[in-house]
Every structure is written in C-alpha cells, then in structure tokens.
C-alpha cells in the first residue's frame, strides 16, 4: 500500500469527482474526454479494490470528515457489505464506460459531455453510499445519486423523456424526503446516534407497533429498492440510454437501494432484534408480493427494456426478501444476490442496447431470429437470462442457493414457495424469447442490414457474461467475506 | 366617573376603527392615505392619555417651586417620535400616489388593478 | 473604552454615519462605493460580535451611557448576532452583486438617494435586531420600512409603484399594530426595556391588557413578516423591485420581523402568561400549515419566476412559524437556523434570477427555455438553491428541516402530523423547482425568441457562486449557524447552555 | 374637572370630524377636515399636559401634512370615486378591532389616575434625576435628547429616509411613458399673488413664524419646544412664503440644493456627536464626555443634536414641499 487506508477511501470518493472535472474541461475533444473517463474508471477500481485484502483480514478502514450536525458526523467506514457494493460499482464502471463509448458514438447522442460528467458523479455517490459509516452520510450520498442520475435519465430531452424523468425524480426524491428522512430522524431521536453498528442501535429503544411503522418508513422510503407499489420509477426510467439503464439496474442505483435496506436491517435494527419483532413479516410479504406480481407483469411486456425493468423489480425483492428473512445464511445470500444480479442484469441490458444500436429494434415481437445476425450478443443475453432464472453454472444459482438456505432455516414456506414460483415465471418470460431469437426466422426486416453492434459493446457484454460464470466458480472468498457482517 | 375616565380609550378605539375602515373600504388612494394617517393619529391619543396625572402640569421643572406634580414625560417623547414617523410615511405615500397617477392616469385602485390584469 | 467595547454601537453607527455622506456627495459611482464599504465594515463588525456571542455571552451596551430601563440599551446575544450577520452579509452580497444591474435599473440621478436608502434599510434592520428596547424596535422598523419602500419603488415597471403603495399600507398597519401593543404593555408595566418588560409583565394582576397587547404585537409582526394570510403585499413587492433589491429584502427583511416576534414573545410573554405556549401554538401552527400549503400551491401555478420564488418564501416562512410555535429547543433552533439558511438560499436564487433577467429581459418561466445551455453557471446556482428549498442534503435547507422534523417528533402524534405536513410541503417544493428546471434544461427555445448565448457577467456570477458555496459550507459545517441558533434557543427558553 | 369636560368635548369633536372625513367624497374637503382633526387633536394634547406634543401636532399634523395633501391633490384627483361595494369585510375587521380594544381597556387605569403603573416606574426617575444629571428644566427635552437620544437619532433618520424617498420618486424628470398630457396642470395657479389680503397677511406672518421657530429651537431646554417643532415651524414659514409668492420665488428663497444639504447635514451632525462621544471615550451619544463637566457636556450635546434635528426637519419639510410643488408645473 502506498497510502494509508483512510486516504484510500478519500481517493475513492474524490477521483471520480476529479474525473468529472477533467471530463468537463476536455469536453470539446471527444477522444481525450473518453480517455479521461476510462482512466478515471480504472484508477477508481484499483483504489477501491486495494482495500479488499484489508477487509479480508478483518480490518475496517475509517475516514472522518468532521461534524455536520452536533453529534452527527460525515464519516466513512468500510465493512464487507459496503466493500462488495463499492467494488462492484467501481468495477462495472470500467465495463460500462467501454460500452458507453460504443453506444453513445454508435447512436450519435447529444450532450455527451454532460452524460459522462453525471456518470462520474453518480459513481462517486455510489461509492459514498457504499462506504458510509452512518445513516446520515449514506442519506447524503443516496440523494446525490438520485440527483446526478436525473440528467442521465432525461438525457434525450424530448417531451416524453422529460415526463418519465419527472416520475423517476419525483418518486425517488419524494420517498426519500417524505419517508426515509423522517425515519432517519426518528431513529436518531430514539437512539441518539445513526452510526452503523454491528448488532444494531435500536435494540430496546423502540417497541411494537412503532417498529413496524419505522420499518415500513424505511422499506418504502428507500425507493431505490423498488418495492411495490413504489416501483413505477424503474420502468419510467427506461427512456434513458442503455448505458444509463445498466447504471441504474446493475451498477449503482437499485443496488444502492437494496444495499441500504440490508444495511439498515443489519446495522440499524440488528437482525436479532428485528427477528423478535413480529412486524418484520410485513416486509417478507411485501417482497414476496413484489416478486410474484412483477414477474406476471414482465410476462406481458413486449418492450425488451421494460421486460428487463420488471425483471429487475422482482430480482431486487429477492434481496429484500433475503434480508428480511433475518437468518445469517440469507443475509449472506442478500449480498451475494446483489452481485450475481448485477453481472446478469448488466449483460442483459448491454445486449438489449447492442440490439438497439445495431437494428433500432425495441420490441420483442420484432426480434425473431435476431440471434442469427448477432450470435455473440444473444449468447450473452442467454447467459444473463439463465442467471436470472438461477440455473447453474451461472451466478444466480449461487445466490439463490443461499437465500433458499436461509428460508429453510427459518421454516419460511412463503418465501420458499415464492422463490420456486418466481423461478418458473422467470423461465416463462425469458426462455420463449431466447428460443424465438435463435430458432425462428426473421419476420421484420431491419431498416438496414446489420451484424453485431460496434466492437466495444460486444466486448463489454461478452466480458460481463463471462463474469456471471466466474462468480459461480469463485464465489467462496466473497461468501467468506460477507459472513463477517454478522459478527458483532 | 369611572367610565368617563376611560372615554379617551374609547375614542382611541373608535378613531382606529374609522381610520382602518377608511383605509380598507376606499379604493381611492388619497382617501386611503387620509385613513392611514388617522389610524396613526389615534395611537397618539392612546399614548398621550397615559401621561396625564390629576393636578399635574407639563413636565417643565420650575425653579423654586416645590412638590409639583408633573405629567409623565416618556409617552410624550415617544409620540413626538411617532408624529414624525407618521408624517414621513404620509409624505412618502403621497409621493407614490402622485407617481401612480402619472403612470396610470388614475388613483382608484380597482381601475389600476384592471389595467394591470390586462397587461 | 476600547474599540472592542464599542463594537455593538458601531454595527449601526457606521451605516447611519455613511448614509448622509452617500446622499450628499454626488460623484459618479461614489454612493455605491460608500454604501458597499460601510455595509462590508458593518458585516465584519457583526461577525466579530457573533464570535463573542457564540460563547453564550450577552453583550449589553448602554446608549448614551444611561442604564436600562431608563436609557436605551443594545442587547446582543447569539440570536441578534446571527441575524445581524445575516442582514449585513445579505446586504453586502447584494450590493456587490448589484453593482452592474443597479446602475442599469436605478440611473445616475437617483443613485445617491437610492444607495442612501439602501444603507438606511440595512441600518434599520440591524438596529431592530440588536436593540433591547421595545419602542426602539419600532423606530428602526420604520427606518427599514420607509427605506424599503424607496428601494422597491425604484423598480423599472410601473407596477412597482402600486406594489410599493400596497406595501406602505400593510407595513404601516403592521407597524402601528406593533406600536399599539407596545403601548398597552407600557400601560401595564411602565417600562419599554424588553428585559424589564419580561420581568414586570409577570407581576401584572389582570392579564387582559397583556393578552391584547400580545395579540396586537403578534398580528402586527405577522403582517410585516408576510405570514400567510397576511402576505398579500409581498409577492408583488418582490416581483417588481429592482433585482438586487429583491435579493436583499428576500434574504433579510421578513426574517427580521420574525426575529422580533420570537424576541418579544419569548422574552416577554412566554414567561409571564400562563399557558402562553398553547396560545402561541394555536396562533402560529394553523397559519404555518396554511402558509406551507398555500405558498407552495401558489408557487406551483405561478408563471413569473420572481413571484414564484416569493410564494415559495411564503411557504418557507411557514416552516419558521412552525418552528417558533413548537416552543422547544429543537424547534426554535430549527426556526432560527432556517431564517439564516433560507436567507442564504433565497438570496442565491434571486441572484441567479437577476442574472437570467439581465440576459433574457424577462422572468417568465416559459421564456427561459434553453437557459441551462446558454447560462450553465447561473442555472447551476439556481438548481443548488432549488435543492435547498426542497431540503436535499448538502444544502442548508436540509439542516433546518432536520431540526424541524426532530422537534416535531418530540410532540407525539400531533407532531407526526406536523412531520407529514413539513415533508409534503417539501415535496410540493420539488414540483415548483422542477417546473423551472425542466423548462430551462430540456425545452427548446421558441423559434421567434431572441437567442441568448452569453453567460451572465463575472461581476454577477462570482458573488452568486460565493453565496451558493457559502450555503454549501453552512450545510456541511454547521458549527456557526446551528451553534449560534441552539445557544439562542436555549437562552430564549431559559435552558442551561 | 373643567379640563375633563373640555377634553370630553374635544374628543367628541374628533369623532365627529373623523366621521365627516370618512363620508365626504370631495377630497379637498377631506383634507381640510383632516387638518381640523389634527388641530383638535393638538388642543386635546395640550389639555392633557403634553405641550411639546401639542405644538408638534399643530405644526406637522395641521400645517405641513395638510399642505402636502393639497400638493398631492393638485397632482392627482379631487374626488374619491370608490365604488360603494364590498364594505362588509372592512366593517367587520374594524369593528372587531375596536371591540377588542374597548374590551381590553376596561381594565386600563382611568385618565389621570396618579397610581397608574406608568407613573410609578421609570418616569419618576426621569423627573427626579433630570435636574441633577442634565439640568434642563424641560424633562421632555432631557428624555428626548439624552436619555432616549438613540430613539431620536433613529427618528431623524426616519424623516431623512422619507425625504430621500420623495426625492427619488418625484425629484427626477418624469419618465416618458407617463400618461398625463403636457400642460394639464398648468392651468392650476401656482401662487396667491392676485389675492391681496392673503398675500399681505401671509407675507407679514412669515418672518414671525420663522422667528418663533428659532425661539422654539433655542428655548426648547426651558419651555416646550426643540428641534422638531422649530424645524417644522421654520419649514412652515418657508412653505407659507412659497404659497404666497409662488414656488419659483420660494425656491429662490431656499434653493433646493440648500434644503437637501441641510437634510443631510443635520443627520450627519447628529451622528457625528455620537461618534465624537465614542472617540472621546464614552458610549455612543454619551454627551457627558464632551466637556470636562458631565452636565456641561450634556448641555453641549443637547444643543448640537437639537440643532441637527432642527436642520434635518426643516430641510426635509421644505424639500418635500418643493418636490410636490415643482412636480405640477414642470
């Protein structure tokens, strides 16, 4: 290590911001601008990953910025869950940047500089969320993430896009200020602190039925987790360019949501305390409801990206469900699923974007036989879909395994039944499309003859598809690391 | 007698009412300003009524005269200030009224409001 | 007597001393320069007073060397110091910012009168917050009001005149109500010194006059503070005043009336009238809640950007009223810190609006299409302010909201209701802020519109961004703002520091 | 007893005049009545032993204020054309206001009650200590100029503000968009020169008024009077001269630059005394340090600040009057 660990945290947060500045300055020269983006992404990834060995050894690096309010400071502390999220976000940013370059150029998008700047700020915010030492710091970066992704979602700038972006912004900001913020202040006024503490800070400070209310405030206040009925922003955000969708669904935004929920369960409530409160069942029910209903909605979608959006809603609720089962195995499963889903979903979105760039098609019904024109893309798509369903040897299988394990420990038959049903439903909406793409004859002629999308995109999606396999094979160190989160 | 001793306050209240009514009910700006200055004058009466002492004189100490009873000087000082404040406000309001007349051609508020709405 | 001992008097004296000079010496540019120099000096003095006050110390300065309650004393504690800092700071920023735009709007001939009025307005407002005498508050209130009328009437549109007239009427009625209230208080106590009043009102046997006095004072100040539904003078006054004037009065002037309301209520009535906190709550909570909703809704439907922000101020004043009404340390801290923070936020936003007005020659929201691209720095400043109104973290608005919600949560189920009100109104703020942002960033300018390609001049942009960055600073390091506010709240409530 | 009866009579007159003002639609009448209103008010103040206030109210309320109203009337309109609708809200508001006050004042001390609290606290101190600390016979002057000198400073700045406000509003050349046709006001006569009696009487009065003003200025320590009254009286004299001889001659007598310099100079003088006392080691406006002997210092300070007050008030009133009168003929 060249610099101390707290310096590392500092650099992890500031390098993306410096990158944003650099991008702004280099805005006139696209090549330099994109070099800056890529360099920054690689640098951030290196810096963040350099913390992994420390974490594995049981270290918890900290960084204190000073008090914002009396007794409440802006501080960072890296623990396994946050490490996982941070490493994920920074790592996928590299892939996403490569892909973005291909996509944005291939599509001749406007305002590219703004796009890259906001992207870099969003990554910094995601890392901030990941490394926060207390709920207040987390909240700050959570909001920065919302606001910095708004221009990305509204990127196209036409009437329909702006309206959808309004929904995105309205729901995320609305839930966070309307529900998350009071939940946080309530927690503070009850517990007198907001630091993430192993074992939680609320034990003995609050009783039923207030626990239930607080729990609901958190669950729905963290709108990025997209529990029904506040999931609407996610399909609405489908108007964004595909790299942004990948950012939302795989790299940062929704992950920040489920990450925050897990973090609140583990470090604010404490799983032992919460387990003894009957009201945690409400969250299980909401999560199960969301999984099943979103799968049914996904079945009826014809727009590929909307289908993926509803698939994400369901997959996120896996994480919430896993976290709310409140068993050690399931908590590990929650964090594992964040990762597995990230690899799978980013592949799917990359593929969808590649199809759009190459053929300008967005509807599933138009895509019959597209696997013949774009074999790499569709192969990667299939791998991602298998991971969503949870078929070995993909990463989705591993995480589902842990979650099921937790559900069995808890004798939670509702969760078991939901997981099984959802697996079948996932298969029901992904597999027919894949079959059709490879086996059917093309029936809608594309505007112009096309093959694969530009090479950076294909490279990126192939790489992420491989990551899905890699996660299946090399998951053990990660599981070991995440098991630490339950150590008090 | 007790009620007569409170007559000043009643008149104060009545003048305040008339002033406020004139201010609120009239759309003519000059008339409203007259109401406003009456509204302020009423308050002078409240303060000055407080300074009176039975058998007293104005608070000017004369040498060689012992055991004089004086009226309370403090309300008088305050009202000297308030009178000047009142005329200042009135003068400024009148200047604004003149400018309004020049800009709109009328000093009836309802008509001005109509003109602004059209704009 | 060292200079340090004289600081309390200096903060006003500098301004009063300079005003006639600025009026008399009619050289080109001199009135502005003199005004700026005086206001900045006063700001520095106010900061050094705040440095003393943050230790929890109260400075008493006997004017003319006469002790209270016979003479007038200046009474400077954390609350006054914070307000003095806000007023002089806002005044300095607006003056420096307005160097160019005021020269544009005011004209050479009226400049001496205008800048003298500016100095007097600042002096009046500062005078109100540092004095410890109820009648002296009235005198300085009148200085500030009269000079504010002058400043507003300098606006270029003829509607500035009628707005000024309405403000004169409402302002005078408000001030006269205050005067009546003070008269009744004098009648039952024989004194005008606030501290002495606080001590003696408690001994009054028949409470009727005191209650009526409290009513008159509160209503009068509520008019001056534009508490809904007594706000009717304010939106047009803000809209038609010269842009730099709007920056100043929006940041400082209504807050000062709220300051007096807090001061008078807590120093005089709270200790002496039984159950006064219930009366205060019954008076202010409904008004505050109405203000929150009505102000936000009016802002949502407003097309003129300046008036939109004025309505937003109506709703923000609702927050302050709610905080005052909670009569708890957290609530008062929230109210006081929000006075300060909202001053920063609104000041910055009106500066951004002035930049827009300079280039677009209009402040109709619909005509600002494309501003995000043409004037990126200006719009970025506006967005930062807008996020502050919503209460997003990293903006000062978040800090105030934090304390208000914290205070409301202490109040049980009724408090939960208030939390809901506060947060719903924040969400309404999202709507009216976003309305502007969407137009500025994502709407194409109309075909027949004159294209704007130039960013605002540096002399305006730099002060704007200084204010915005100061706002962010006070969102991150709250030791000064919250520090002073919480000391002030504890002092007012008589809680040990 | 006699005074009380007289006072009752005056108060009743006040109400009657106020109602008359409210009812008349002729603004000229209303203004004249409001002058009478002020005069009655002044008489009432005199009955209530407030000689200083009575003098001020008579000069400012009945005199200058009336002239300003007339000046404004000449520039605006002569009739109140308010529509007679929607009077319920004002009626209810003002009745509620009056009701509250009457309700509250039932508990107030009756007029002249020596045991009232206002006569027990603070005020006795002024009456007792003035001979010793300030040594001027008129306690009102002592309180005004020294004990509450800071208020008076503020007050000077209030009139100063009003003056610069009026100058800012009416001083500059009229903007182009004004809707008034040129020459509309020219037909209004600017002076009384062709009215022999008012002219002669008026001209004869002017020197006396100014002289009386100067007397009031310097005698304010001993009897009723002081800077405010004196300034207003001198201004009234000048205004009377202008009314008689015409605005042009009036502005020749006291040029506008002079009156506005007077305004600023007066305010400046007052503040300077404050600053001087600071420089000499006292509190702001602490006149005791101005001379070796504190009482002497007080005398000196009061003399200077009263002069400042007189200058400002006279200057302001004249400037404002000129601003109104000149507006019409430009």
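We call the chains A, B, C and D, going by the order they appear; numbering starts again at 1 in every chain.
Following the convention adopted for this analysis, a residue touches a chain if its C-beta (ideal position, glycine included) is under 8 Å from a C-beta of that chain, and two chains touch if they have at least 3 such contacts.
Quantities reported herein were computed from a predicted structural model and do not represent experimental measurements.
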Third chains touching both chain D and chain B:
C
Would you mind telling me which chain pair, C-D or A-C, is linked by more contacting C-beta pairs?
C-D
By mean C-alpha position, what chain is farthest away from chain B?
A
Where the CA atoms of chain A average out and where those of chain D average out, how many Å apart are those spots?
74
Can you give the whole-Å distance between the Cα centres of chain C and chain D?
31
Please tell me the distance, in whole Å, between the geometric centres of chain A and chain C computed from their C-alpha atoms.
43
Measure off the straight-line distance from the CA centroid of chain A to the CA centroid of chain B, and report it in whole Å.
69
Multi-chain contacts in chain C, i.e. residues touching at least two other chains, fall at 135, 139, 142, 146, 149-150, 153, 158, 180, 186-187, 192
So chain B residues touching two or more other chains come to 16, 20, 23, 29, 50, 74-75, 78, 81, 85, 88-89, 92, 96-97, 99, 103-104
What parts of chain D, by residue number, touch at least two of the other chains?
101, 105-106, 108, 116, 118-119, 122-123, 126, 148, 151, 154-155, 158, 161-162, 165, 169, 177
Complete list of chain pairs which touch one another:
A-C, B-C, B-D, C-D
Given the complex with chain D, which residues does chain C contribute to the contact?
1, 6, 9, 13, 16-17, 19-21, 23-24, 61-66, 69-72, 107, 109-110, 112-114, 116-117, 120, 123-124, 127, 133, 135-136, 139-140, 142-143, 146-147, 149-150, 153-154, 158, 180, 184, 186-192, 200, 206, 208-209, 211-212, 215
Per the contact definition, I'd like the list of chain D residues that touch chain B in the complex.
4, 7-8, 11-12, 14-15, 18-19, 21-22, 27, 30-31, 34, 37-38, 41, 44-45, 48-53, 56-57, 60-61, 64-65, 68-69, 71-73, 75-77, 80-83, 86-87, 89-91, 93-95, 97-98, 101-102, 105-106, 108, 110-114, 116, 118-119, 122-123, 126-127, 130-131, 137-140, 142-144, 148, 151-152, 154-155, 158-159, 161-162, 165-166, 169-170, 174, 177-180, 222-224, 228, 313, 320, 323-324, 327
Note: in the complex, chain D contacts chain C through residues 100-101, 103-109, 116-123, 125-126, 129, 146-151, 153-155, 157-158, 160-162, 164-165, 167-169, 171-173, 177, 260-261, 263-265, 267-268, 271-272, 274-275, 278, 281-288
Complex contact set, residues of chain C against chain B:
135, 138-139, 142, 146, 149-150, 153, 158-159, 161-162, 164-165, 168-169, 172-173, 176, 179-180, 183, 186-187, 192
Complex contact set, residues of chain B against chain C:
16, 20, 23, 29, 32, 36, 39-40, 43, 46-47, 50, 74-75, 78, 81-82, 85, 88-89, 92-93, 96-97, 99-100, 103-104, 109, 112, 116, 119
